[in-house]
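The following block contains the structure, expressed as structure tokens.
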Amino acid sequence: MIATLITGLVLGGTYALVAMGLTLQYGISRIMNLAYGEILIFAAFAAFLLFSTFGINPILGLGIILPAAFAFGYVIYGVMMRPLVTRSKKSGTLEVDSILATFGLLFVIQGVMLVTFGSNYTSYSFLNTGINVLGANVAANRLLAFALAVIIGATLFTVLTRTRWGTTIRAIAVNLDAAPLVGIDVNRTARFAFALGTMLAASGGVMISMYQTFNASMGVVFTMKALVIVIMGGLGNLMGALIAGLLLGVVETLVATYVDPGLTLAATYCLFLVVLLWKPAGLFGKAAGR
Amino acid sequence: AVSAQDRTSVKIGYAISKTGANAGGAGITTLPNYQLWVHEVNEAGGLELPDGTRLPIEVIEYDDRSASEEVVRAVERLATQDQVDFILPPWGTGFNLAVAPLFDRFGYPQLAVSAVTDKAPEFVQRWKKSFWLLGGGHDYTEALAQILNDQKAAGTINNDVAVISVADGFGIDLITAARQSFADAGINIAYDVTYPVGTTDFTPMLSEAAASGADTFVAFSYPPDTFALTQQAQVAQYNPKVLYMGVGVGFPVYQANNGDKIEGVMSLGGIDPTNEAVMDYRARHTEFIGQAPDWWGSVVTYNSLQMLQEAIKRRGLDREAVSEELSNGTFETVLGEVKLEDNQLRTLWFGGQWQDGVFVAVAPADREGAVAPRLPKAPWPAQ
Amino acid sequence: MTRTILVSILVVLGLAALAWMPTQLGAYGVGLLLGMTGYVALASAWALFSGPTRYVSLATVAFFGIGAYTVAVLSETLPYWAVLMAAAAIGLAVALIVGLATLRLAGVYFVIFTFGLAELIRQLVTWYEVNITGTLGRYIFLPITAEQIYWQLLAIAAVTIAIGWLISRSRLGLALKVIGDDETVAAHTGINIAGVKLALFAVSATIITLVGAIQAPRWTYVEPSIVFNPTISFLTLIMALLGGANRLWGPALGAIPLFLLFEWLSANFPNHYSIILGLLFIAIVFVVPRGVLAGVEDGWKHLKRRGEAA
Amino acid sequence: MTTLLDIRTLRKQFGGLTAVNEVSFTVAEGETVALLGPNGSGKTTVLNMISGALAPTSGRITLSGQSIGGLAPNRIAHKGVARTFQLVRILPSLTVAENVVAALAFRPNHLWGRAAEERAEELLAEVGLGGRGGEHANDLTYIDQKRMELARALAAEPRLLLLDEWLSGLNPTELRTGIDLITALSRRGMTVLLVEHIMEAVRALCSRAVVMNVGTKIADGPTADVLADPAVISAYLGEGHA
Amino acid sequence: MLETQNLSLRYGRHLALHDISIRIAEGETVVILGANGAGKSSLLKAIAGPAKAEMGSNVLLDSKSILGTKPHLIPEAGIALVPEGRGVFGDLSVEENLLLGANPKRARSGETERNALIYDLFPRLAERKSQLVRTMSGGEQQMVAIGRALMSNPRFLMLDEPSLGLAPIVVTELFNALRRVKETGVGLLLVEQNVSISLSISDRGYLMEAGRIVGENSAEALKTDPAVQQAFLGGAAA
């Protein structure tokens, strides 16, 4: 039982890691980024390339990929999202616009990956050694992802809730119009949050590349899983994303072990639906009101 | 229609999943072979017709985006809009079935390769011009049951197997067949579960399988699952004496990632490494595509194209005649001498095993070129 | 009065022309028309509910799949019309249950809920087929031609747009707009929000179910991953949004060009399809911000104003 | 005078905070009553419970003897309660006329089509927005939005009208117009329960006042008496106002 | 000194402000009186940055133009606005709202003292430090908005109808508080409908009508001049 729980938690660590970037992008920059999973897969390919071609191990690879991802997010926000945000001040259509625009972005990134990496399944193994944790045999790479998720989650959560700077980030999520009144540069802050989210997506991608097979068409799977977790945890709430991710991991593992592996995904969605019916704004979401 | 004299090319079309969920499989087993074959034929001056003239192949290709509505419409387009001479089939059991009525209606022979179905005899009745080249689930599971029984008799393994299968056409077909085959062979299934497509964490299933006490572990799995299972079995130090997994074991990337560790892993398909034609094909494929073909379906796909090429050479561009030729003729291909039985290819390798870096055929054991399986599989190297 | 008659005549003539088209086209043309009409019906049905309420639903494929699967399961045992009725009834029942459950959700919570729902239904159908019936794929061998499917889809698309027209002129239409603007106000002006949403959701879902059922015979082989393909939900949504989900003809005007665009791109640029499509998408968002129809209207108004000024 | 609204030991709890604590009072048919109290004393919360926006934690609300506590807002609206909101709530994508028609179309004896449009125009004229039905609600100034909101509330033909600080933000001239408007309504027999911080208006309009403080009722009676009550002065009005 | 020169502002075709020239000296309190829709809020918004002014307009702080400065830099320059409709951060706590108020760099020193001063001015806020502002009553939210503006250590504080929705006792307290703020040397620009109380703390006043300044005088004079009052109160109500 303990072993099952640990396996589940470790699996959940991956989910949480993937979801946290999206909760930043959507919760704070208000961009519903459908291309999120594609960015993640791109980072996975990058890690693979660095590892297989240049022999740079993925952990060191993070040192290259994360800044690149941040820069990419920063540019994308500036070029694509900012005009939409500006425009939506009048029309209030940011949600729809960002869905449509990032849907396009999704295709572009996917297309670029198809052209450069092909459509094949890619995988390599790194740190694929068993580590005994309280009787459960856990792969070192997954454990690393779990640790990274917890560290990033806890750090960001503390920063966002305990510092003025973090509060300014949350402020733009709460009331965009009032933010300039207290000297917040909305554009810069939203852009930063978006870029940070992109970076988290990339970190998830690098971690996942170490133990999961991926191909250029798989991004949407991650986007949707991340969205489910983000919504379940409560929009824009990092702690919520972390806990919801871990919870999903545990539930999936328990169901796979004690019920029927055929029902794991069904259980995921069931849990998700039940949580939403019980708390319409997610586990840690603010009640009602938009 | 157009007579051979007025032509400058033979139009061959296909719709394939270049994007979407099926792109991973299609990009290994099907598309590279289409490309290789077209390239080789055109290098040689084109397709040869009965009168000895050669016409280059003009390719029309569509992406079905892994959606069955798309593949249906693309085939319609190929047949009625582009009026191609021949249509090559898409990848996947479901898609081959989806387009079968269209091939039939428009009179195109359908050389379905990446489709494993026990219903092939029925389909041949329904669609006279359909050809099914990769066998049915029973063929593979009976071969597996045979191997297991032999090993049991030799005292290598116990009578229990643990089986997991992916909840998709392929997995279901095979597990259904396997239950039957194992029961017939008197083998006990100690653990039997089905998991959804997209599962990434197999740890719970592996530990349950280990706990079941079975010496044999069978997974009717898709490529991502196969890769994950291999890695996670190593982490969990799960060492069944027979380890048999589904699609993906024969993919080049599998070998690249796992190196020597894959020694002893079994799967569907296989190659007779002494068959020079096959090995030569593999070399050409690797050279042209930049990566090796897989060890199961690829060579059969290539074989199907050679059959088509030969049938055209014998009967010209008349699709009716070509179909008839495919049904009745005997062909010399990479697989050696090939003759279809009731529009189905029966001379297939139904089981293979990684031995010294080559995925050799082990079943049917009585066919020439088969190698004896090396069992039990050695435990994973210590970490 | 005479105008109404004139418009009715035009509509009837238009429909007749559309119905006559397949006789002039080859199989591919019919396939194209069929696919296009299918999406026009889907997008219009989607917009019936999601347009005015701004509840973006990703459950389209859940109902579409239910329709298709019902046909796959029942086509051997029941006559065709009864199969369609059964599909509609099942779709309606599911819609009512789902509708009741989701009334409390708003915004993106609803979006993702509906997505989760579609996935859940797909997983459950898969599990049921695998464990209870022991097969996954089902075959549909119905003697229905592509033309016949097209005519049925044409009818249902026409009915959907007609329903949309009727609703927009009725109190129900106003109720939907009010709900879309401010639910609190809606409730306090006496609108039964739950009832209105539920009714609309049910109508929209039933139509979508029927579209799935009608299209099913086109694929001989049906399995959950084929009929519950989430791409269908996304495409429907994108088409409706692009055309303008709040206008009667918006969804149709989004569906037709997009569908043709997809077709043209995949035929001409199979290798760079994704990239070109993506760039076009982004361009469209920037160039016609409020949907194609609104863009056309704006352009028209602009021209008229220029004309008047001259 | 018959009692229209009867509130008994009404209570509302938000987590640990008791926003309304055992409040009881009545409003008679045709009366205009003020609900007063310092900021955060629970006035809006009481209105929210009467109109159904919030369900009471406990207690009873009856309208002409019929219990309405805890019903859905649309059912309460149909029973004859209409309201305005402390921060105006308009339907921004609709025109001014449509904002009013929205209420006409969903009241029990609903109006639709020409009849509704005509009636909406009348109501708009009544609140001083005559001829402006075609404008977009979003483009109206704050006061005009408030007027429109009142027209919308009146369109429901309510038996009880709840006004939450409807007069706030008006300049002295407009205030006078506003007071006249409400007076005219009440002359026609409309029952009004209003929350207001402008004493000038309260004195002019209300025969009775109920005062709340920290969720409890501290005074209830003729306006002049209540406003002279030392408890009310110290909690609400301040010495300057006495 | 904060001043506007020929400030004009347009919403589409509608000219909301015509050539407005006003000034507020350091430590001075100025009130703008005018009917609804006269353009008072628009004027404050134009000064605070978010609205785009017409050609020829200018806004000067200490004779340096700040027109066209990015809105978020205005508080940095020492101008704070309590907007119409409050503009508080509803999903943040009282404490966090005040913390954000001190976000401009100029507000960092003396933050603690100012915080204490605000809790002193509005004891209700001190009681409810961790309540989410969204769940507070209308008046309580107004206090948060004013407190937050004060936290930015402004040289000029602009308040758009601060007494709106406040209980009489709180209005009295608020204006007492504003008097104290004024004593600290902050210039106040006040838009108010509560004419008598606002004139009681003001030094000067402008009358606004249909987007134009139609009069200017000392508060004393305005208070006692019934004709002026009548003119602006009656003029724009139509």
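Order of writing sets the labels: A, B, C, D and E. Residues in every chain begin at 1.
In this text, a contact is a pair of C-beta atoms (placed from the backbone, for glycine too) under 8 Å apart; a residue touches a chain by one contact, two chains touch by 3 or more.
A quick map from chain label to UniProt name: A, C = Branched-chain amino acid ABC transporter permease; D, E = ABC transporter ATP-binding protein.
Note that this is a predicted model, so its numbers are computed, not measured.
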For chain A and chain D, chains touching each: C, E
Chain E reached from chain B - shortest hop count over touching chains: 2
Per Cα centroids, the chain farthest from chain D: B
Most distant chain from chain E, judged by the mean position of its C-alpha atoms: B
Centre-to-centre distance between chain C and chain A (centres being mean Cα positions), rounded to whole Å: 30
Computed distance of Cα centres, chain E from chain A, in Å: 42
Distance from chain E to chain C - Cα centre to Cα centre, in angstrom: 51
Overlap residues in chain D, where contacts from two or more other chains coincide: none
Multi-partner residues of chain C (each touching 2 or more other chains): 123, 126-127, 130-131, 271, 273-274
Chain E: positions in contact with at least two other chains: none
Chains that touch, pairwise: A-B, A-C, A-E, B-C, C-D, D-E
Contact set on chain D toward chain C in their complex: 51-53, 72-74, 77-78, 82-83, 85, 89-94, 98, 101-103, 105-108, 110, 112, 152, 156
List of chain B residues in touch with chain C within their complex: 18-21, 61-63, 65-70, 72-74, 76-77, 79-81, 93-94, 97-98, 100-101, 105-106, 167-169, 172-173, 176, 194, 196-197
Of chain E, residues touching chain D in the complex: 33-37, 84-85, 124, 135-140, 142-143, 161, 164-173, 193, 195, 233-234, 237
Residue ranges of chain C touching chain A (in the complex, touch as defined): 56, 101, 104-109, 112-113, 115-117, 119-120, 123-124, 126-127, 130-131, 230, 234, 237-238, 241-242, 271-286, 289-290
For the chain E and chain A complex, residues of the former touching the latter: 48-50, 70-76, 80-81, 83, 87-92, 96, 99-105, 132, 134, 148-149, 152
